[in-house]
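Presented sequentially are two complexes of chain A, the first with chain B as partner and the second with chain C.
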Partner chain A sequence: MVKGIEKYGIPVVHICTVVPISRTIGANRIVPAVGIPYPLGDPTQGEDESRKIREKLVTRALKALETPVDEQTVFEKDEW
Partner chain B sequence: MRLELGKFVIKDIQFAEESHIENQVLYVNKAEVEAMVLEDDKLKECHLDIARPGEATRITPVKDVIEPRVKVSGGEIFPGVIGKVSPQVGSGRTHALDGCCVVTVGRIVGFQEGVIDMSGPAADYCPFSKTVNLCVVIEPQEGLETHVYERAGRLAGLKTAAYLGELARKLEPDTLEVFETKSVFEQAAQYPDLPKVGYIHMLQSQGLLHDTYYYGVDAKQIVPTFMYPTEIMDGAIVSGNCVAPCDKVTSYHHLHNPVIEDCYRHHGKDINFMGVILTNENVFLADKERHSDMVAKFCQWLELDGVLITEEGYGNPDTDLMMNCRKVERAGTKVCLITDEFPGKDGKSASLADTCEEATALASCGQGNATLKFPAMDKVIGMMDYIESQIGGWAGCVNEDGSFEAELQIIIASTIANGFNKLAARGY
Partner chain C sequence: MAAYKIVHYINQFFGGIGGEEMADYKPEVREEVIGPGLALKAGLGGDFEIAATVICGDNYFGENLDKATDTIIEMVKKYQPDVFVAGPAFNAGRYGVACGTICKAVEERLGIPVLSGMYEENPGADMFKQDVILVKTGNSAATMRKAVPKLVGLIKKMAAGEEILGPSIEGYLERGIRVNYFAEERGSERGIRMLVKKIKGEEFETDLPMPKFDRVSPAKAVEDMKAARIAVVTSGGIVPLGNPDHIESSNATKFGEYTVEGMDTMSKDDYMTIHGGYDRQFVLENPNLVIPLDVLREKEKNGEIGSLLPYFASTTGTGTATNSAARFGDEIGKKFIEEGVDAVILTST
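Take a look at the complex of A and B:
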């Protein structure tokens, strides 16, 4: 899906846990997620903390979407 | 560690007043076993049934398959789960009932429980179509949480297998094999001219009913470790998972790990089999990174020349498989992967979710997406209610007469990714 959408010139950020698979399929902008069963939260930390994690990751992904890249890039930090 | 494994040929199972083994027939006191299973208050019903090769019988949904075994000396069978955790197993003497299995059956736990047909086209794909099976059909109490039901089903099977194994404790086996792996320095010195080969055994540990137990420890909580191959033959690893039936490593397959059996066959002839590196397949990237690093470190530490790697399940475990492959190769040890493939019904998709440049040698155990027509059977042990939602089935795949069409992945062990099957792929 990532490649299919990008083919039409629309940039995509792939938020995913298993970054190596994302690299293998050819995603250009990758934001590592929390875990396979809960990519955008963490039930072990409660609903409030999960919301904070989610906001942080989505904000990072939106920033990555606006960032030009010339090779596959993994956005592991909030500042670049 | 040195293990004597005595095998008893079992040609049939029959119900009788007293449980015992006589003239290669296993006699089972039905009421006694049912009562033992029902000691667990999580289960409200249990009944036993027998399925024999060639019968028009279907068993589904199948949870686990177990070979009855007993530790005559050197610890207890299935340590940490139903046997005492200490002493460790893998040495002394073990007796096994060869040719019969315990099969746990019942209302579905997850959606990844499979089918065993005792005859017809699907029987060609399943090793348990050729064994005499004592089916333990269980019914959970109302409102039981799925993980509690899974555990009750798992223990019911293991307890039954241990009960049957116990019948062979004092008897003389038909055959006796000896397996031995020495301490690492002695083992390396025994065959100095042969390549040192290890086995990297990846345990399913994704959680959410995809679990495996090592001496009773949930495998997602382990970090990679070493073990003697003979420990596995004594039930140090048991299955507790509802992964896709086709490549589910049942407790039977752990006892009969074909990689270990074949490595022993070649041991001292063309390889020096050094032992097993145990690792897992967790759902967090940090675990995958840390554990593949550790596996590579062990290979380098043991100065292994080559390793075989198997995985359980497919999808994200393919990444663990490839990470292990890449890092082990880079640490200087040659790798051959063993796995199955899922290229989609039309065969056009990538058959593994991940790959790497270092993966240059791979033995395929076949693909699970090909479809097969399953004829109606005279008898169903368990129930057909879930076929359409069991993995490999689809909405509308079952016909009124009880026949159905499904992908091979619905058959227990059809493409099992350690090679305990007959499917393969050939390169041209």
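Take a look at the complex of A and C:
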């Protein structure tokens, strides 16, 4: 789906848990998610912590969308 | 008397009835060997007899699938053949579909081994290659001579109850069926041998061909996020309570579009997940774990992003064919262009 949308020129960031799958299929901007049953957060750490994690990942994802890339890039850290 | 009996199905053209103008020809059975049947008979030799040939117009079959199938089944039943062969249809679409349909029905309803032949791009090929052995032919009847030996070989095996080997050996279309067998060597030994060949740069044959995925050039980065319209898409199977669009829990055939207008967060009173591939307890409690609406709304409010599209697109990723996903992406992409979406966050579990 990522490629189906991106071919129209709209940048897509894939927040996903199983990064190798996303790489193989060919997403260009990838942000690793936390866990399969909870990609954007970690409820095992309590709601507050989980939301903080979500905020961090979404911020990273938006940054990825603002970052020019030539090839597949996995955005694992917050270094801008 | 011949040891084995065949019944052969052909269309109005190969039956010598006529061309397009006779495509509505009703099923007829003749106790003769006709058209391509002559080549088959020659290849099969004295042990085989084509007891009957069924001729049916391609349009009649296509427009009366059930009736034509029932009629022909009755015709075939009478002869109790050892093998039923249809076509070959080459690239003729209606003919290919007819051959596939009647073969499948004969096998299911009469328990008789069946086969046909067609060009791999014949619409009938995709429809029936998994159910019926379809010999690979060229795209026109000019390639009949090449197709006949393959058909003959398979007919002989089917009649004698011999094992049919893989598609590349016998010359039929790949069915995507994995057949287990006991190899002489253990997998670990075969694997090491394959790896050594690969490292040496020598030819090796993989047991399972890996699919090739195309690439899309990275789209231009967003220049002004503060003015950008962001949309969310997910493969995490988020749907309104009750799944009104009946999106499948696995192998999705569609996607849905669901509103987040006026919502500051994803509530479990509005949304659920039907994804069959992960433990749903966390997301059912808090769908923001897949559609991060709470965070995105906040960013919209404090001006970090320009605006959020008032709906998100959602489907189930697990077990979904990559072709389906590509199609969803294409439809969603088109809509997003119309809606002025500048960038997309796509979440997957």
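To be clear about the criterion, the second predicted complex is superposed on the first by the 79 of 80 C-alpha atoms of A that agree within 3 Å, B and C clash if a C-alpha of one lies under 4 Å from a C-alpha of the other, contacts with A are read in each partner's own complex, and residues count from 1 in each chain.
Throughout what follows, a residue touches a chain if its C-beta (ideal position, glycine included) is under 8 Å from a C-beta of that chain, and two chains touch if they have at least 3 such contacts.
This is a predicted model, so every value here is computed, not measured.
Undergrad: Using the superposition on chain A described above, determine whether A:P32 touches chain B (first), chain C (second), both, or neither.
TA: In the superposition, A:P32 touches chain B alone.
Undergrad: So, A:G46: does it touch chain B (first), chain C (second), both, or neither?
TA: neither
Undergrad: Return the chain, chain B or chain C, that is in touch with more residues of chain A.
TA: After superposition, C is the partner touching more of chain A.
Undergrad: Should A:V19 be classified as contacting the first partner (chain B), the second (chain C), both, or neither?
TA: In the superposition, A:V19 contacts chain B only.
Undergrad: Indicate the residue numbers of chain A shared between its chain B interface and its chain C interface, in ascending order.
TA: 17-18, 24, 36-37
Undergrad: State the interface residues of chain A toward chain C in the complex, per the touch definition above.
TA: 1-18, 22, 24-26, 28-29, 33, 36-41, 43, 47, 50-51, 54-55, 57-59, 61-62, 65-71
Undergrad: Which residues, counting only chain C, touch chain A once they are in their complex?
TA: Going by the criterion above, the answer is residues 213-223, 225, 228, 230, 233, 235-236, 278-283, 285-286, 288-290, 292, 294-296, 298-299, 304-305, 315, 322, 325-334, 336-337, 341-349.
Undergrad: Mind listing the chain A positions that touch chain B in their complex?
TA: My answer: residues 17-21, 24, 32, 34-37.
Undergrad: Enumerate the contact residues on chain B facing chain A in the complex.
TA: So the residues of chain B touching chain A come out as 206-208, 283-285, 288, 316, 318-319, 322-323, 353-355.
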